[in-house]
């Protein structure tokens, strides 16, 4: 392991940024101007990954308020533009960028979520070109957690907050320094650019992770859910939901999108895709007006069955990584940890 | 009830009787007239002819001192009252004026404590108590309540009960057991300073009021303003001579009548100081001992 | 696929000189949706219109854009034109390239570019245009006139004479109104009763007029052509069919009360007709004054009535009648001068109002026409008149001028001089306003022939001195104070809206101004209409008026009513608001915004998909949604902006259409 | 009314009284549902609770984390005719009045149990008063059928949109126009359009929201700063004159946007311009934008 | 919000984003702003027609959308216009008290008193957004108002605030 003092981290970042599009965790709603940096103060963790620029207020305390998924799967993504000229139509594809990317400081939970996303976009027999383009040129620096949010519960999901084996480089929190351990060839290669700033850290041990406040073991939940499609639990839970998209947009494993267009001029149509939320009333609404999930009961049921049952059937793992974002942010506390508890407590008639 | 008492310049001079009588009765009626410390002239009758801002700033200082004490001002003199109310109104109705005035008097003034006339103070807070304190009801006395012009006008901010037909003094007259007469000149102008400067106009105004009071059958006039008192009391003799038949209408402050009804000696109320003999009527009606027996039979 | 045709007009050289029309027509061809485009010298001419029609047929056009003069000029023309070719007229859009382009710009390149944009906007909008069809509402051929004063009587007569049925509702026991109380009328000095009562009789005998006296309008529902009006017939306790109007009951009635008609200067019985020529000439029982109703004993009138017409069990009755049009002629009331403290708060009996004076000089009045002052019945020698009492006085009364007082005060003063020997009439005034035919002459006669003294100034105070009224005022011309010793003072009190005018206006759905006079639809051009279609105004309820003006307005209102009733049905402009009930949440924000009360909430019952949380199994809910009455809606669109969800939209100017225009540039 | 005011000696007693009232109402079948709060998964979390069985009423709690304005849940019962009991704090009571005014909830179908509010704490820093309390105008409910009267009542500002709001606003008002633009564009750029602010807002009571419609297409489904700005500005206009400053929109924002600033700006402008009392203080109010006065300020000559 | 030091200027990143569109609208002395006018058909639209009948000249910067009443002008249209790249917006109608529909413009006035404040609050230059009463007889006033508005906006340059820059950059992007 090689290390650098936390106070010197900018040296490392600056060096990386000269070779890569470097994304780092930054405080929420930040504007970087020529002579000042401005961000919204508040108790809410609204940090997110942003392209590194010197002077941005970096955020290291816990996992970011917004997940890194939008780097591979942007909230709104232009796909192509159709232009009608003299009664003919031409299509312009969006040009693909090629510069390599470093995603710096991803936590174990989000690392696991990237695995979820990979399963959806790359491993189901069809490769999503837009996703692949970004994912393939990205090198990931994972960061082990010493502190965590109250809402975190990755340990319940069998995730080690200190270790993300799938990352290219594992960063460990050594107290006043960050330790870097390469875990792949790509990782080795990226570390070469910053090696000059690093010193050896023999026998350094990362700070331990504080114990999590939420403990919701998953044992048996998936199996139980197989019998719970018509369970009254959903009727009992759903009224609380206010039907916003906060949970889905914050969730690092939610991957639904909607393809739509806008028309900047009579002659132009831009096709784009943007995140959609299964909690929105119009999510399943069909052209004729029929909605197979007409009420919140169906929508809430779907979301949790999807996370905990369907995705396991379809993609081989539960699509919750215990990042705690929905637990922290659901306006009405109808989040997955609570729901797992309720499922476990529910009585099922054989 | 405690009030910041603002005597103004007249209450220790031409309006001495008002001061004496008010000070005499107030404590008996549970009213604490605490003299406003370091008060200055309100500027009445001259300031507003010179400089409108000054005319607002002079009373504002007094009001601000009162506000500092957390007290409403109680003002006996109608002219002072008029100026103070004008200032209060100006400050309340324009933020610009408010800022200007505060900068001139160099202290905050927000018009938080409403200015009150002394008359208002007595009417508001002592009428019940008065009933218990009356020992000598002035039964059978016909009195014309005279308000003058400054207490009632301008109607925008003087808040008299009814600017054309006010009742407050009439209520006091009734309360002390006397009989208020109905007459038309309750709020007619007495001429203020004019009888001195322009005797022709001034005495006509005073004459008209006295004549109407006489016609109404009143035996005396009851007022609440030192200037009115001064004009109506002091000019009677000359006007009587002029018409060849004397007027004989003693003029009282309402506070004096209240004092008499409560059994206070007339000397303590200043009733012996009037130009028109004001003691005789009271003794005739046996509200006070006759002049001869006064020496031995004064109240304890 | 929608196909738009664009037609560019040169308007001779009016457009063509600053805008390159050929270029426009070419450019229009490239616009999405445009299937055909051409230009022509005069599009509005016959050949131009034929050209449009032919193009519609040949190219199967389903939208038309004409780039020409302002739509305010020829929209109607071109709508008719496209309609002639089988297109719905509302599929047409106009691009205003003359008034708002060629005439106001001189740079031909820039003007042409702007004109191109204007056409682009029009095409974008036209693509979103939909067919609109006027709806038709039936007209119920019966009119209601509310208020039986001179204005109401005149309106009723004029409508009835054209053959339509009219109901004339009056809240007093008799029609006639204020004019019946007036003695003579200026400037001719006709006897008021002599000219009014024949009209009252005409109305009573007219086969098309039904007089509904002693009744009030309770409720108005519906809209133009179809008002459902509920009228409360107050209990008269006298059967109008049996009663012969002999008057014996009134003579024998032992209960007396002040006579409103005589301005409380004399008494009337509890069973009464307000005045001898009353119409209908059937008495009513004033239950508040009647001894029987107060004590349960008496019934003298019932015993004495030969035709057994008195019925103490009579009750108020509500009737609902449908009308096509309504004339509001509810008149005015007089300012209460008791608010003037300086004039004695009404405690001096010899300070009276102008209307009191009318009764004093009236031959059938309480004094049989002898002018006697109320306090002691003496003939007053000096009478002072004060004008503008409550008028033109923002402090205590109204800002406005009551318009009739200058004239009637001149009349009164003349009558004082005429009827009382050695009398003196003094008028205090602010201005003399005599803008009517023969009015100025009448006023001059009062001054010159009758020697009325006019003093320009306000009276500051009236007080009593030795039994006389002292009027203290100012002569602003001489610049002196004056005192007048008067025997009687007559106040020309302001005409003001009826005390219940605002409440009444809300009841029937018309608007009123800051003085509670009813609002005309336009102060100059629609002086007798209200904002509510089918409701018209006559007389002083709309603002102070004298008799000739009231009668003229009544005639005008009648003409409007007749024009409306002469049609069997009425087509309404299809540019109206429309509710998408699927989106409407029933919040009702649109309701108060509509000046025409065209929007109401109705209740829907529907089955909902999914579950109403913890609801009954049936899953049926009721909810309210807005409903637009197309007959009342005038298409302003104010409601659409207050509708947050956009459930309300204005046909012809939909959100989509306007956004298309914005987006097109 | 007085017998329906239950005096408690401190906030710790509120929960017990809540349970008793709820139990009575359900047992007597006065209502079929009680909406209140229960404890959440963490000690510093509470959550909305829906109680239909009297034996479940023991779940009910009231503590300093009961932020949720529950009144919007009443819309779920709209049109059903069912009777519901609901617990409201001072701020919530105003939004309930708003819902009645907006014809969304029949007053007679609701049993309002008011709690005179002792103030809330921030979930993430449990010693700081909750931000929504800073703009509190009435800690005592303005409308209720029962009132749990707690003496520890705390009101943020003693005037509508009082000094706190003014202070917050002045931070933006002191900027130049370009700075303001940058500030707001930064904020709006961050918005993820999850619509939590709208969905939680008790004043956003539309059946269908204009932002969800595809025709007309007011905002695109895609996320971009311009459309995000449109969303926030228009939402501010839509709640103008009806916003009761309950602060829910800002509380629920997952990325901490200053949503309330826009609302406060309009609330204060309304107060300044039209001299109107704060919205929904009593049932007879009319919404600001549904009325006018001819003497309203004239700036457009 | 935190400000590290006193004054700060327009954000670099934003400028960069808007760069494309700035180049698009060739700014210069004879740059003409694009101004959208919402005119009520009974007053302002008639006033504009009257300006035409009187041949009063004014800049070619305006495009008028006719609405039945200023009360129909939804503030949402105004924001949309700025989004779509207009440099100024004028909402105009009858003078209060003169509304053809009796009260429509009173509601307009209330709504836009708030709207103008909100727009300024989020940084929109008040010179770009005006509300004005122009009656059917005020042809000269129409001329004056649009001329003033044009003159006021010209030195400000093209508007970027609230503008959907993705759209304009995209339009530019096609040509490359």
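Annotations
Order as written gives the chain letters A, B, C, D and E; numbering starts at 1 within each chain.
Assume a residue touches a chain if its C-beta (ideal position, glycine included) is under 8 Å from a C-beta of that chain, and two chains touch if they have at least 3 such contacts.
These figures come from a predicted structure and were not determined experimentally.
Listed by label, the chains touching subunit B and subunit E alike are C.
Taking the mean of each chain's C-alpha atoms, the chain closest to the overall C-alpha centroid is D.
Taking D-E and C-D together, the pair of chains sharing more C-beta contacts is D-E.
Using CA-based centroids throughout, the chain positioned farthest away from subunit A is B.
Here the CA centre of subunit B is 54 Å from the CA centre of subunit C.
The mean-CA centres of subunit B and subunit D are about 56 angstrom from one another, to the nearest whole unit. The centroid of the Cα atoms in subunit A and the matching centroid in subunit D are 31 Å apart. Annotation: 67 Å between the Cα-based centres of subunit A and subunit C.
In subunit C, the residues that reach two or more other chains under the touch definition are 593, 613-614, 642, 655, 659, 663.
Subunit B has no residue in contact with two or more other chains. Among the residues of subunit E, those in touch with two or more other chains are 1, 8-11, 14, 75, 80, 103, 107, 111, 164, 166.
Across the interface of their complex, subunit C is touched by residues 155, 162-165, 184-185, 212, 215 of subunit B.
Touching subunit C in their complex are the following residues of subunit E: 32, 34, 36, 41, 45-46, 48-49, 51-53, 55-58, 60, 63-69, 71-75, 77, 80-81, 84-86, 100-104, 107, 111, 143.
Residues 30-32, 120, 124, 609-611, 613-614, 663-664 of subunit C touch subunit A in their complex. Considering their complex, residues 84, 86, 235, 238-239, 263, 266-267, 291, 294-298 of subunit A touch subunit C. Across the interface of their complex, subunit B is touched by residues 340-342, 345, 395, 461, 463-466, 470 of subunit C.
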